[in-house]
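Below, each structure is written out as structure tokens.
Look at the two complexes coming up: subunit A is in both, with subunit B in one and subunit C in the other.
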Partner chain A sequence: MKIFNVFPETIFSIGPVHITDTVITTWLVMIAIITISYFATRKLSVKPSFFQEIIEAVFEAIEVTIKDILPVEPWLVIPVLGTLWILIGFSNLAGLIPGLKTPTADLNTTFAFALISFSMTHVIGIATQGLKGYLMHYKEPTWLLLPFHLIAEVTRTIALAVRLFGNMLSGDMITIILLGIVGLLVPVPFSLLHIIIALIQAYIFGVLTLVFIAGGIRTKS
Partner chain B sequence: MKLNIWTLLFQIINFVVLLFILRRILYKPIREIIEKRRGIVAKTVEDAEKTKKEALELKEKQQEELKKFKEVQDRLLGQTREEALKERNKLLSEAKEDAVKIIEKEKALFDAEKKRIETELKTKCLEITSIFASNLLKDISDKELHMAVVRRFLKENEIMVSDVSKMKETAEALNIDLVTAYPFSMDDEKVVRGTLEARIAKKIKINTTIDETLIAGVRVKVGDTIYDASLAGRINAIALKLKETS
Partner chain C sequence: MDAKTVVISVSIIAAAFAMAIGGYGPARALGKALTEALDAIARQPEASDRIMRALFVGMALIESIAIYAFVIALIILFANPLIGYILK
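Right, the complex of A and B next:
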């Protein structure tokens, strides 16, 4: 039953470096994203084509969302946050293609993204209000809550990683189990549901990151 | 499921690589195009606002100019009206003056005419009166009356006497032309001559002519001077006197 394995496998190794199928799938996803982006931005003009309008609408939606939550210039965080969204979204959907494994169903991947989110929170917090100003928010409302702040930093990051991982893995597993039990075509409705879940999870990951960043900034204002 | 540090590392590297690539090929161009459009929109809006403002300013200016123009127009109209009124008044007063002058002139003419008619009337009246008087006197006149008038002349002829005495007449006898209303009898002539010679103390030569229009009495011509002692002459004298006094 090798074919139904949802867990990552090492495809090849270069010395001590083990390259898993997760990483390879991610590369494929990246190539897809870069290709689409390249063709999407080749013929930009002031009077947008239909395709350009869709892309712009997406970016303006991102901009509005960030503006609502963050009191800083949106384009400061759009590249990082946008990349997170796009990469997670595409990765979540990658599993729907036969023969590919969902990269985000690998805890290593989600943990990597969670670490990026975690570091981004602090980097932007420090960048916008200085190291001292940023650290001051840990003593709000009193010093007594400092340990809880620190615990929250760790737990929410882990929660971020595990939430995405759990959702994606469960989706894959349901599909495989159903496929094993009932057979072809039956998992299709669940796969459709999985598309929605994939997009929602990507959105949640990004918005939570945004909220954490905002939490690091808002305390000052 | 186990943690694979290499996978984790690769995924982080993947993310960073993708981030940098997307920054270049996706975010930057899209941001540029969005901002460019916003810039154009903002500029268009700004231009529109500017144009609107300019239009408003222009409108305001125009209205102001129109107002000024109206003011000038009103002023000019007022001036013209005032001038016209002045001119009218002037014309009116001139006309009045002219009228007064004309009236005065007419009045003067009228007065003159009136005076002339009055004078004429008076003259006519006097003429009629004198003719009437003459006729009346002619009717009652007779030799007796004539002689009475002559006798009076013989008594009251101081003027003639004094005039004659002043004359440097070298001739022996003084020539006297005597016009009488009735022919003198010889006696009468003698009386007249005697009396006159006595008065003048000079010899006289009398040339007698008869003129009935004298009514009664005589008219004496000595040299160039005529002394009228006839009733006709008296009536004429009175008429003349009346004419002069009126």
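Right, the complex of A and C next:
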């Protein structure tokens, strides 16, 4: 019996760079998203078709959520954050297709996402209020808390990566362990639970990024 | 028992305890958060959108503590640094 492995395996190497199967799955997910977006934006009409309606609903949900939380112009973050959201959602669900490995059950992938979120926080903060204005938010409420601000910058990025990684890996491991000890259909309810967790974790990743961005912007109230 | 057996058996017990204790606290906290949120929604149904969003974010933050325990248990079981130290 083939022992299924939840951890990434190296498929081939280009020089010092190892291409694991999670990377290949991420490429497949990217191709899928690009194809869907391409065909979704071909025949746009004012009287939308069923397909266009679904895409519009997804987009509107993203826009409304960002508008609710962010105190500045939402179009600054919608392109990047919306893409990140959709990519994480698709990657989380990719593991349900037989033969594919969940890309986000690999700490490297989630760390890349967390680094995108980390740099977005600073870029948006500087873009909206200038470098000096952005650095000023570190001294709130007092200068004494500056070290804690700096520690929080690092720890929350690590926490973001580890949270997504741990959730996805635990979902995969539950399925595989159950498949090892009991029959074929027993893991199905757990897979259904895994779908919910996958979508919620994608949502939470985006919302936490939003909250961090909003925390870096001082509202003039 | 040689040193390797001791390290392996202690690792297994430690991983089990890490999950047990690391799951207990967050489970209590999640239950409390959910109860309070439902209480608040029952009192003010019109604010349910904002309450649900805060609940999701808060639950994610609480849950990540359990996830840290899970990651530590995984490290103990699959990538234990002490076993390599013993075998050397």
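To be clear about the criterion, the second predicted complex is superposed on the first by the 214 of 221 C-alpha atoms of A that agree within 3 Å, B and C clash if a C-alpha of one lies under 4 Å from a C-alpha of the other, contacts with A are read in each partner's own complex, and residues count from 1 in each chain.
Keep this in mind: a residue touches a chain if its C-beta (ideal position, glycine included) is under 8 Å from a C-beta of that chain, and two chains touch if they have at least 3 such contacts.
Since this is a predicted model, take the numbers as computed values, not measurements.
When the two complexes are overlaid on their common chain A, residue A:170 makes contact with subunit C while staying clear of subunit B. In the overlay built on the shared chain, the residue A:76 is in contact with neither subunit B nor subunit C.
Contacts of A:204 after superposition on the shared chain: subunit C is touched, whereas subunit B is not. In the superposition on chain A, A:178 makes contact with neither subunit B nor subunit C. Applying the stated contact rule after C-alpha superposition, one finds that A:162 touches subunit C and leaves subunit B untouched.
Taking subunit A as the reference, the larger set of touched residues comes from B, when subunit B and subunit C are compared. Comparing the two interfaces of subunit A, the one with subunit B and the one with subunit C have residues 7 in common.
By the touch rule above, subunit C contacts subunit A in their complex via residues 53, 56-57, 60, 63-64, 67-68, 70-71, 74, 78. Of all residues in subunit A, only 7-8, 17-20, 22-23, 26-27, 30, 33-34, 37-38, 40-41, 44-46, 48, 52, 55-56, 59-60, 75, 78-80, 82-84, 86-87, 103, 106-109, 111-113, 115-116 touch subunit B in the complex they form. If you check the complex, the residues on subunit A that touch subunit C are 7, 68, 159, 162-163, 165-167, 169-170, 200-201, 203-204, 207-208, 211.
On the side of subunit B, the complex with subunit A involves touching residues 1, 3-4, 6-12, 14-15, 17-19, 21-23, 25-27, 29-34, 36-37, 40.
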